[in-house]
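Chain naming follows the written order as A, B, C, D, E, F, G, H, I and J, and within any one chain the residues start at number 1.
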Amino acid sequence: MLYLVHMDVHIPDTVPAEQAAEIKAREKAYSQELQRAGVWVHLWRVVGEYANYSVFDVESNDQLHEVLSNLPLFPFMTITVTPLAQHPSAIR
Amino acid sequence: MLYLVHMDVHIPDTVPAEQAAEIKAREKAYSQELQRAGVWVHLWRVVGEYANYSVFDVESNDQLHEVLSNLPLFPFMTITVTPLAQHPSAIR
Amino acid sequence: MLYLVHMDVHIPDTVPAEQAAEIKAREKAYSQELQRAGVWVHLWRVVGEYANYSVFDVESNDQLHEVLSNLPLFPFMTITVTPLAQHPSAIR
Amino acid sequence: MLYLVHMDVHIPDTVPAEQAAEIKAREKAYSQELQRAGVWVHLWRVVGEYANYSVFDVESNDQLHEVLSNLPLFPFMTITVTPLAQHPSAIR
Amino acid sequence: MLYLVHMDVHIPDTVPAEQAAEIKAREKAYSQELQRAGVWVHLWRVVGEYANYSVFDVESNDQLHEVLSNLPLFPFMTITVTPLAQHPSAIR
Amino acid sequence: MLYLVHMDVHIPDTVPAEQAAEIKAREKAYSQELQRAGVWVHLWRVVGEYANYSVFDVESNDQLHEVLSNLPLFPFMTITVTPLAQHPSAIR
Amino acid sequence: MLYLVHMDVHIPDTVPAEQAAEIKAREKAYSQELQRAGVWVHLWRVVGEYANYSVFDVESNDQLHEVLSNLPLFPFMTITVTPLAQHPSAIR
Amino acid sequence: MLYLVHMDVHIPDTVPAEQAAEIKAREKAYSQELQRAGVWVHLWRVVGEYANYSVFDVESNDQLHEVLSNLPLFPFMTITVTPLAQHPSAIR
Amino acid sequence: MLYLVHMDVHIPDTVPAEQAAEIKAREKAYSQELQRAGVWVHLWRVVGEYANYSVFDVESNDQLHEVLSNLPLFPFMTITVTPLAQHPSAIR
Amino acid sequence: MLYLVHMDVHIPDTVPAEQAAEIKAREKAYSQELQRAGVWVHLWRVVGEYANYSVFDVESNDQLHEVLSNLPLFPFMTITVTPLAQHPSAIR
């Protein structure tokens, strides 16, 4: 079951640079683990922004929330979720 | 080069039902041709709306505009285009 | 799996009164059938508006889109879907 | 008398972690007490957000404001209240 | 129990002038009846707009919706309802 | 001459609690003085928000600005002013 | 007493061209009469739009509403009113 | 003196196709004349939309309004004007 | 050449009170100098807000930007500029 | 391939003045290097704002993101990107 997810990142400058770097490193590792597991199926940078559009493939709303709320950057992101369905003109 | 495209369809009821059906049939054929050509790489229905999120893979801004403005439903759609770039954490 | 759905109805006055009445009658019957089936679990009127907030319990995004796009009033509604998850403080 | 309530939580990082944890613990206890009392009748997490949609059943606008303004997280939430009425198609 | 209600009127020009006049006459009569009954406690024109801000005093959300949805101009208005509570600094 | 005024209060947590309490006490006293003087004719709490809707009765725009800009909470409020006029259907 | 007024004109194409011309002629005459009377003290075109920003000098909110609601183009305009006060740095 | 101008075109389907084609032909001729005169210095299509971003070089606000309000498509466009100034980092 | 300018002031409380007072004093002096020079032709307070609407009369976009960016409060203001043109119904 | 880019700068006052000056100096040098390289083809100040509208000429979405995300002011800007295409009425 697919969802389009928009993540907009804003790390306030009260977070020390080292801590920010450590959070981003954990975010990257976690993200790649989810990509390899087939859960985070697309990850695109929005040109000119510290933001991404992603597509997730999960079993349920609960699983998606668990995945997203465990993101190390979760406290610093504005996330918008759009549930997707099969399009009648799609060939796949 | 990838772009996320959001299409929101609104056919006014001044368009006769037969004409609307004919336009939609041409839209579907054109869409599937572009999908088979590898230009329209994803096509998802937004749940609960007469709208879709799509991803296009084209050579240039000009090619994308040509493809979109030739959609039979183009006069009846509000289209928003977001250019996408490679994300540093993406594994592909 | 639960979703909050907001439906805002606007029937243009180009629809003859009889046809509007017939559509609304079919909407009501279809809605009550879905309620009895345990799919449309809550249906509330928004005070002062021709709109409702509803909660649906479905198996998947695809099922929700099928249910919503088959509503007789679907062409006359602006629909917004919010996926819901279990809240850690909820006692049920 | 039912109201749909949307609560969007934002705890600024000037609040120490311990204090935040203590506030959240009180929030949870208070919320569950109200749920058991039949006042806070639904509590759902919005997927991907530190936010919830809730339904309250109270005697009056005044009671609802008293309940909401006593939430331990009240100073850190943006709250929107939508009064609900009986829907003519609802079977309950 | 008080509610602030904003009503924004837009009668499309497909409604014949005579019919519009008749609807407005019925609206005025109904409004004055509700004012005399102590239900519609304030009615103010917004300067420069075909709109009003009103205060209603009703027993319940259901009563407010019944009153508003029976307004002859209801199909031609965008209505927003804000529930009000006792303010701790109010002297009445 | 009447005006509807919406006041949305946000005291940043850089203001010490004692100072905030002192400002609120002065605000309450000033508000009640204006109410007794017949200038601040209505004061309602917006349910679920640290906000109010109020009606002021003043001689001029200048007087209203003087009254509002002297509110002890003025630096911490977002204020919106809507001028009101006599409504042709109002019975008073 | 001064007010800034923004008027955005939209005459639907269901109004015959002759009737539109006649309404505009009456609007111009009425506007110039009010300018000569010192009520409509400034009238500026917004560059690139069928819109204006104006300043009115009136005795009361009621007088302003009467003036504006009598504009021949009133049914075809979206009007926004901003009450103005003396600025402490103004030299006049 | 430069201005960025955004033009969003919407021709309602009550305009007959022949008349629309004739208006567009006049628009194109007028636009190219202004481009050759050095007034309309840039004209770009917004990808996926019936809209353009343009840059005009004119002597005054009045001249810009005259140019824009004489566009054959003016009655069918939503236009937004942004005045531009020399940027301190620009090398030209 | 006239422009309507809206200035919304927000001085964060990290600016010490003395420094804020000094900035405001310089702002007032600079504003009055520009008013006497016939550049800042109108200056009105928006009722209930720490904001103003102003009209400037300048030679060019560049001059207006120089004037505005030199305001002592410039770093603390959100400014919106609307270019104005002669209105065909204006008597002056 | 052209893109219109809007950059809105906001440097929080937690950044020391010297550091801000150093960042702006690097921004200027980097901007002028890109202008000389024919990548940053237009750079205009928005009148009254600490913002600019720019046009970039790049090979791809990826190149544009690389250029923008390397701007020394990138962490302090809100950037919006609009892809542009050849306009059928443009003479160049």
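Criterion: a contact is a pair of C-beta atoms (placed from the backbone, for glycine too) under 8 Å apart; a residue touches a chain by one contact, two chains touch by 3 or more.
By chain, UniProt protein names: A, B, C, D, E, F, G, H, I, J = Muconolactone Delta-isomerase.
Note that the coordinates shown come from a computational prediction; the quantities given were computed from them, not determined experimentally.
Following the contact convention of this document, B, J is the list of chains adjacent to both chain A (Muconolactone Delta-isomerase) and chain H (Muconolactone Delta-isomerase). Summarising the inter-chain layout, the chain whose CA centre lies farthest from the centre of chain E (Muconolactone Delta-isomerase) is J.
Matching A-B against the pairs in A-C, E-G or C-D identifies C-D as its interface repeat (over half of contact pairs the same by residue number).
More C-beta pairs touch across one of A-C and H-J than the other; that pair is H-J.
Once the centre of each chain is set as its mean CA position, chain F (Muconolactone Delta-isomerase) and chain J (Muconolactone Delta-isomerase) turn out to be 43 Å apart.
Averaging C-alpha coordinates per chain places the centre of chain E (Muconolactone Delta-isomerase) 40 Å away from that of chain I (Muconolactone Delta-isomerase). Residue numbers of chain F (Muconolactone Delta-isomerase) whose C-beta contacts span two or more other chains: 2-3, 14, 45, 47, 61, 64-65, 81, 83-86. Working note: touching chain pairs come out as A-B, A-C, A-D, A-J, B-C, B-H, B-J, C-D, C-E, D-E, D-F, E-F, E-G, F-G, F-I, G-H, G-I, H-I, H-J, I-J. Remark: chain E (Muconolactone Delta-isomerase) residues 1-3, 60-62, 64-66, 81, 83-86 touch chain D (Muconolactone Delta-isomerase) in the complex.
Note for the complex: chain C (Muconolactone Delta-isomerase) touches chain B (Muconolactone Delta-isomerase) at residues 3, 5, 12, 14-15, 61, 64-65, 68-69, 79-81. By the touch rule above, chain D (Muconolactone Delta-isomerase) contacts chain C (Muconolactone Delta-isomerase) in their complex via residues 2, 4, 27-28, 31-32, 35-36, 42-47, 52-53, 55, 82-92. Of all the residues in chain H (Muconolactone Delta-isomerase), the ones that touch chain B (Muconolactone Delta-isomerase) in their complex are 13-14, 45, 47-50.
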